[in-house]
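In the two assemblies presented below, chain A is common to both, partnered first by chain B and then by chain C.
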Partner chain A sequence: MMSMKELEKKLRDRFGEGVIDFAIPRKNRLIIKVDASIVKEIAMFIKENGFDMPISAGATDYPKDKRFEVFWVIWSSIHNLVLILKTDIDRDNAEIDSLVEVWRGVQKFERETWELMGINYKGHPKLKPLLLPEDWDEGYPLRKDFSLSPYKV
Partner chain B sequence: MTEERVEFEGIYNKLPRPIRRIFSWGRSFSIWPVHLVTGCCSPEFMQAAGPRYDMERWGVLPMASIRQSDALFFVGNVARKMMKRALRLYQQMPEPRYVVDIGICTISKGPFYDSYSLVRVADYLPVDVMISGCPPKPEAILYGTMLLRKKILGDVDEGAGKET
Partner chain C sequence: MGIARVEEVEELKDGLMRVSIGPQHPISGQGRILVVTDGETVYDIEIDIGYSHRGIEKILENRIYIHGIVPLERMVMLDTSPITMCYVRALEELYGVEAPPRAQYIRTIILEMNRIISHTYALGLFAESAAWNPAIFLWTTADREPFLDLLEMLTGARWSYSFIVPGGVRADLPQGFKEAAFEAIKFFRERLDVYVDSWIDNYLFEVRTRNVGVIPRDKAIEWGAAGPSLRASGVEYDTRKHDPYAAYEELDFKIITDTSGDSYARGGVRVKEMYVSLDIIEQALENIPDGPIKRSLPQRAPPGEAYARVETARGEIGMYVVSDGKDKPYRVKISPASFRNIFLIEMLPKIEELRFADVPVIFYSLDPWFLDADR
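Up next, the complex of A and B:
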């Protein structure tokens, strides 16, 4: 059983400046904010340290700061910890490495985020519409600048 | 779809009026609906069909096969993707066919009035009876089937499948 301090030390030793923030908001919960360019290496690293089950993935839109905050939520069955891996990307050029090669389970979550938020996951094997109609071309519904007024009854 | 409807109406309206009356009288006592459950109005519909309210007293028997049914009940919110499939179901129904909206979501999208994915049924299909409520009580659903029956009986004079 590894403590959170140990994990923080390991991460900081290995990646240095790449780890922007390491927070423990409450018991059994970790939030790690990292640089977007090394997100895949960090994912590999934390998988090796026992975080084996992806619970969720998604993104948050911050139009004022012109950024998306992309996140993956991973649970460790060994340490009983929930880890949220976060990274910021540019809003105009929304691209990020896909983590499907690390955890296969994030495939559907990333596909959904791609569809609803318009975030392009590089290396994702199947970026096809999942929830929206097959012929959808009206934008990305979960972005803040998506207007709902045409749909009002 | 509309051409088929016109053709059917032509044949039906050529029949003598007493025979038409017999037809629609028989039809009105055996409305076999398919309930397309897409939302949470379905428990109310189940109650209406269950032993307490017992829709079958009036011959309303929930049917499994769309090809042997008379009415299509939309129970709950209908998404745009679902509507495509519902249209295919509607095309498989034998004439005369009726459409009933159950719940406010199917009528005007209800609490999801600005949703990008939901649609109103009336934009796609000729709806005969709209039962409002969120969800409607079983009594309301029964009342709606009564209205549908009245409408079917009224078809004798007005012509089949006439929209309200």
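Up next, the complex of A and C:
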């Protein structure tokens, strides 16, 4: 079993500047922040290194910085670690490679984020409405600029 | 007929039909299952959720931290405490504090009682879906009552307790709780033996559910299954062991797994887990330390982010909480177990032959909860 130090070295050797941050904030936790353009290659690489089970995915809206932080959460059955893989994308051009080909199980999470946050996952096999009503046309509810005033009681 | 590929189904017209189960079907909950079938063989299944989407993630962004607990409990009324535990765990990670030991033990007791209540209900539905004697559902509904009474004694409510709060729990164990709990455990253990004898070990039930909806180990991991659905496929994974919270680290219990990955195994894992839960409650009651039950925390959480996991009855729930230093969370991403498990059934027609009558059996062996998946 490889230590996380070795994984960091392997990642940085292979992808260089593409790995923006590599942090272990607490036990059983790993946060890797990468460049959006190579997120799929990095995902393939970390999957080969034992991170096999997708447990969550989503995005956070930062309108002040004009960016979305897109994340995938992966558990490793070998290392018993939770990995949060993050990347920043431009808020005006919200596009990112879908990781469904890497981890089959992120499909539903990416579909949900596409619907609620308005992020276009390129290469996703099934981007169709999931949670919102079929005739919904009021925008993306999880974005920070979504107006809640019609729903306030 | 063999195993039909989904792409081929679109071209076939004659004899095929798309059957919609739900959204107001008495057994499926507020959701829809679309099944493409020729009357017997199932070619494609599509899960249509969202009929009870309440936008809990957005609601949480607009509530101060402690107020977020109440809407969160509406995700699964059967199993409310693990969900609040997950939110509380994320908050405690943000604050960098831990609850006092006595509070951790009280949390463990509530969490395990909730697991038993949820599993009994799941097993009742499972029995009914397999066209087994409907009396089982009445048994399981009645037999959880002692635990509901205990929880009412402890928290004042039967379902939505709002009892686990950041920094501890709201109240201490009342007088006479321990004795009543031991009595309930004794009663329930006997009832579990009756279930196993009359129903789980029954040949007819086994024939009905064995080799139905088999999820192989590698697929369970790849598709991201959770909880008993994952453990029944041979993956030894339980958040209570792998990322312990509450008092689980100090208690002795083992993870229940099975290797066959079929509907029967999923039901069996739940039954065995209830025996384990009873043991855990007994241990927690015997070893509970004295001391304070709560520490007060400031209203504003320090800026940062946390990812918390908790094992609910249906599997692991994950919450990703981002704080910007205000009294409300900046972002909460909830990944409930039902959302992960409910889509497993969509994958099954692609790898094995299913019959239409197997759909409810598989669905209820996975024990998804539409309200949980919808949030």
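Brief remarks on what is shown
We adopt the following convention: the second predicted complex is superposed on the first by the 152 of 153 C-alpha atoms of A that agree within 3 Å, B and C clash if a C-alpha of one lies under 4 Å from a C-alpha of the other, contacts with A are read in each partner's own complex, and residues count from 1 in each chain.
Keep in mind that, in the parts below, contacts are C-beta pairs under 8 Å (C-beta built on N, C-alpha and C of every residue); 3 or more make two chains touch, one makes a residue touch a chain.
Computed from a predicted model, the values in this text were never measured in an experiment.
Note on chain A: of its two partners chain C and chain B, the one contacting more of its residues is C. Once the two complexes are laid over each other on the shared chain, residue contacts for A:141 go to chain B and to chain C alike. Of the two partner chains placed by the overlay, neither chain B nor chain C lies in contact with A:101.
When the shared chain is aligned, no partner comes close enough to touch A:35: not chain B, not chain C. Of the two partner chains, neither chain B nor chain C is touched by A:8. In the superposition on chain A, A:80 contacts chain C only, with no contact to chain B. Applying the stated touch rule to the two superposed structures, the overlap between the chain B and chain C interfaces on chain A comprises residues 132-133, 141, 146, 148. Only residues 26, 28-29, 52-56, 58, 60-61, 71, 73, 75, 77, 80, 82, 84, 103-109, 116, 129-133, 141-142, 146, 148 of chain A touch chain C when the two sit together in their complex.
Of all the residues in chain C, the ones that touch chain A in their complex are 49-50, 53, 55, 57-58, 62, 93, 221-224, 226, 235, 237, 242-243, 307, 309, 316, 318, 320, 322, 330-331, 333, 335, 339-340, 343, 347, 374-375.
Contact residues on chain A toward chain B in their complex (touch as defined above): 132-133, 138, 141, 146, 148-149, 151-153.
Note for the complex: chain B touches chain A at residues 80-81, 84, 108-109, 113-117, 120.
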